[in-house]
Amino acid sequence: MSDLIELEEPGDSGHAMRDEIRRTSDRFRGRRVAISRAMVALCSVALLIAAVPLVLLMYQLFKQGVGQIDWKFFTTLPMTPTLIDPTATGGISNAIVGTIALTLYASILAIPLGVLVGVYLAETQSKLATTLRVISQTMAGAPSILMGLFAFSLIVHDLNVGFSAIAGAFALAVLMMPVIIISTEIAVRNVPNTLREAGLALGAKSHKVSMKIVLPSALTGIVTGVILAISRAIGETAPVLLVIAGGFTNSWKPLSPVSAMPLAIYENAKSEWPSQRAQVWGIALVLVIFVFILSLTARIWASRKQQVRN
Amino acid sequence: MSQGPVVELLEYEEVAAGPVSAATSRTWYSYLLIGAALIFTAVSVSFVGSIFWSSWPEWIHHGFTLLTGKGWTSPDGPFGGLAMIVGTLETSLIALVIAVIIGLGTAISIVFFIPRRFRTIVATLVELLAAVPSVVYGLWGLLVLAPWMQVTVNPWLNSWPFAKEIFGNSGEEFGTSLLLASIVLGIMILPTFVAISREVIAVVPQDLMEASLSLGATRWQMIRGVVLPTAKIGLFGATFLALARATGETVAVALVAGSVANIQFHLLYPGTSIAAWIATEFGEAQGNEVAALMALGVLLMLLNVCLALISRSLVSRQRRALARV
Amino acid sequence: MVEVQSEIQFQSPKERGPVAMQLKDVAVSFHGRTAVRDCSFDVTKNKVTSLIGPSGSGKTTLLRALNRLHDLTPGAKVSGQIMLEGTDIYRGDLTVTELRTRVGMVFQRPNPFPTMSIYDNVVSGLRFNGIKKKSLLDESAETSLRSAALWDSVSSRLKVAASNLSGGEQQRLCIARALALDPEVLLMDEPTSALDPIATLHIEELMKTLTKRVTVVIVTHNMQQAARISDDCAFLLMGEDRAGELIEFDTTEKIFNNPDDPRTLDYTLGRFG
């Protein structure tokens, strides 16, 4: 407290110091401002550089892909070009059917389980919950090929089901689950406690509160998470690459081999036939459009949630 | 490579827990929840377990040669994974450098220099960039970038003074190479890095920035002297997460790196990574080779888990540090 | 509500003295909507001028115009004339960075740079301006820490992280940081509103001594504080068009004892918040 009473007399040294400060800072000012402008420009350049690949990619996708797409593209099975008919590539109906089937089966496996676990994590405070939370966060970032290895090991090999749609769906389900779990938990936690307390105050039992009040409220967030998970599953190659064996029919039976759009892209990109390589752009374009639509839908849905909350 | 949950992970720990413990009451609903939790536990345990178990023969028969061996001999071994490990490290680290340098500038631009009304558009664009499936990046790399590299870039790079040491100069110009894989990887992990860096930078308190400007700092001095140091820990977290993404990326690398299992320090030569090699070889692998590939999978898992854990602890340290401010 | 009456030195209007800053018809608007207008007064050198008024009256907006902080806000427009020692700070020969070395600011919540030590915080302004000479940095650090009444308690631990200090000490650190550049004017935006009463008292005591080195312009929503520490007072009020305006400017004594405008009287009597 004694330093309170200290009164500081500036004296002459005050002004000498001020003068030196002013002089030095005047000397450097021009340089500092120039450096600042240069770095600002550099950062903006970085932003532009970051945008370039996206623009180039989109350009290529549209330029090369649009020409490939027509009714036959969606409805005929693929063919292998021959020397006699090098442009006979057929369509990708098997890949489309396969993607739809895989996504459907994977969703059936992943969504109910994922949502339930997400709710569990949001409403429980146990050691198991904490562990599962860490596990699902880790799995969400895991390389997707590991899911393929898992599906191979368990479904194809141990359960002796063989290369099949169900194996691929299993791999995709393992991929989707952590995403759904995390976003469900966040959505449920974001429901204001006042809603819960109001329900309890009205005499409802806690599980009814959870089911009838909390879940409907969290629904938008849950749906957003599901859409994002689906959008991711549609585009993943590695999990299915190992286990579905790229079927050439329009079959969607769980136990038979099946194709998928990303797989078709992966395999035909390396093809020796230019016509097949060209067709790949069409597949890629369709895939990207699907994924974009889903991502944008999720985003719009999520922002609607914000508006409702406000 | 959708990464919606990535950014949400940051908000994750801050949302308060609901007090209602529906799961602890003794009703069919709570049993359902607990049942689901147990099923998921079983799934995740068998996830790790089955890959380990399938790889067991490899560890038994060949010990650690997977980690030290140089050649990959199908179909019976020995299976040496050193080339894949080296390839993974090379491509991921170069990709990281690219992503961090460009990504940091991008994040800074987005937070400080873009007018507010454009921010949603830019954020959406970054999200879309992240949503593009990796196989499409691989396709573009293989069919567009590789020929371009082969014809234009590689000869130019090979004309540099130290080209021989870094790039190798065989006279044959490869289109697919480790360098191309690194570049494509860098493009792919860029959105992840930008998204997290943006978050971390944007939450630096406004009055810290105003305080530095009030002392006569220029905008760049404010960014470099106050904002970046304050956000430093979180930026490291973003770096590790981007690195984790890069190491795990499979099909893009498989398409553009050239799929050659040689230990390669010359960047313009083809190579491979752990994940890419698994993808490439698995189709025709039998028995022992499958076990070896599973063992590579174990390696990949360990690598990824370590990086992810480091990243998460950094991001939460950052959040705690800011809470004290 | 503590009433501190005793040692306030009232100054007669004739002895105003030289002027540090002059405001003429200053108005600030955001995207066309006026936030504060009609501000014309002189800030006397080495005195404490306070801006008082209920919340929303534009006091902080006006204060931030004085060191051009609104330059950061898109859509912000400052009209009128603000003169620092005869130079228009917006349209004159003065660069923004130079202005800010001559007009410093202390903020409402203490905000030392969290990654820096006490010493680094104090000299951060000097370093930003390119000053590297250790002797100058040390001298300036000691002088400003003494002026902020912080030297005795921190001189032995200058390398310690600034976040280790208490709230009141952190705010004094911020004052020292602003003083290190030896500015002519120190702007303070409700500097004690986030502090406990004892820390508040320390800082109010400080302000009496600060005026030996700098001119102080302080925004405060606590009118007793204004009565205690300031020499001149500007009273602002939000008008019907939701824009703040300067109602009255005069010595503190006049404002609190015998104001011209009835609204000023209402405010000082506590008739509205």
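First chain written, first letter: the chains are A, B and C, and each begins at residue 1.
Assume a contact is a pair of C-beta atoms (placed from the backbone, for glycine too) under 8 Å apart; a residue touches a chain by one contact, two chains touch by 3 or more.
Quick caveat: nothing in here was measured; it's all calculated off a predicted structure.
**Q** Please indicate which chain is farthest from subunit A, where distance is taken between mean Cα coordinates of the chains.
**A** Result for max centroid distance from subunit A is chain C.
**Q** Which two chains are joined by the greatest number of C-beta pairs in contact?
**A** The largest set of C-beta contacts joins the chains A-B.
**Q** In whole angstrom, how far does the Cα centroid of subunit A sit from the Cα centroid of subunit B?
**A** Distance between chain centres: 14 Å.
**Q** Give, as an integer number of Å, the spacing between the C-alpha centres of subunit C and subunit B.
**A** Centre separation, subunit B to subunit C: 49 Å.
**Q** For subunit A, give me the residues that contact two or more of the other chains.
**A** Within subunit A, residues 25, 32-33 contact more than one other chain.
**Q** Send over the residues of subunit B in touch with two or more other chains.
**A** Only 216, 218, 221 qualify.
**Q** Would you mind listing the residues of subunit C that make contact with two or more other chains?
**A** 97-98, 101, 128-129, 181
**Q** Quick check: in the complex, which residue numbers of subunit A touch subunit B?
**A** 25, 32-33, 35-36, 39-40, 42-47, 49-51, 53-54, 56-57, 60-61, 112-113, 116-117, 119-125, 128-129, 132, 135-150, 152-154, 157-158, 174, 177-179, 181-183, 185-186, 188-191, 193, 196-197, 200, 205-207, 209-211, 214, 224-225, 228, 231-232, 234-238, 241-242, 262, 265-266, 269-270, 277, 280-281, 284, 287-288, 291-292, 295-296, 298-299
**Q** Given the complex with subunit A, which residues does subunit C contribute to the contact?
**A** Its residues touching subunit A are 95, 97-98, 101, 126, 128-131, 133, 136, 139-140, 143, 146-147, 149-153, 181-182, 202, 205-206, 209, 212-213.
**Q** Tell me, which parts of subunit C touch subunit B in their complex?
**A** 67, 69, 72, 74, 97-98, 100-101, 104-105, 107-109, 111, 113-116, 124-125, 127-129, 163, 174, 177-178, 181
**Q** Where on subunit B is subunit A touching in the complex?
**A** 1-2, 4-6, 8-9, 11-12, 15-25, 27, 29-30, 32-37, 39-41, 43-44, 46-47, 50-51, 53-54, 101-106, 108-110, 112-114, 124-125, 127-129, 131-140, 142-144, 187, 190, 194, 216, 218-221, 223-224, 241, 244-245, 247-251, 254-255, 275, 278-279, 282-283, 293-294, 297, 300-301, 304-305, 308-309, 312
**Q** Going by the contact rule set out above, which residues of subunit A touch subunit C in the complex?
**A** Those in contact with subunit C are residues 2-4, 6-10, 13-14, 17-18, 20-22, 24-29, 31-33.
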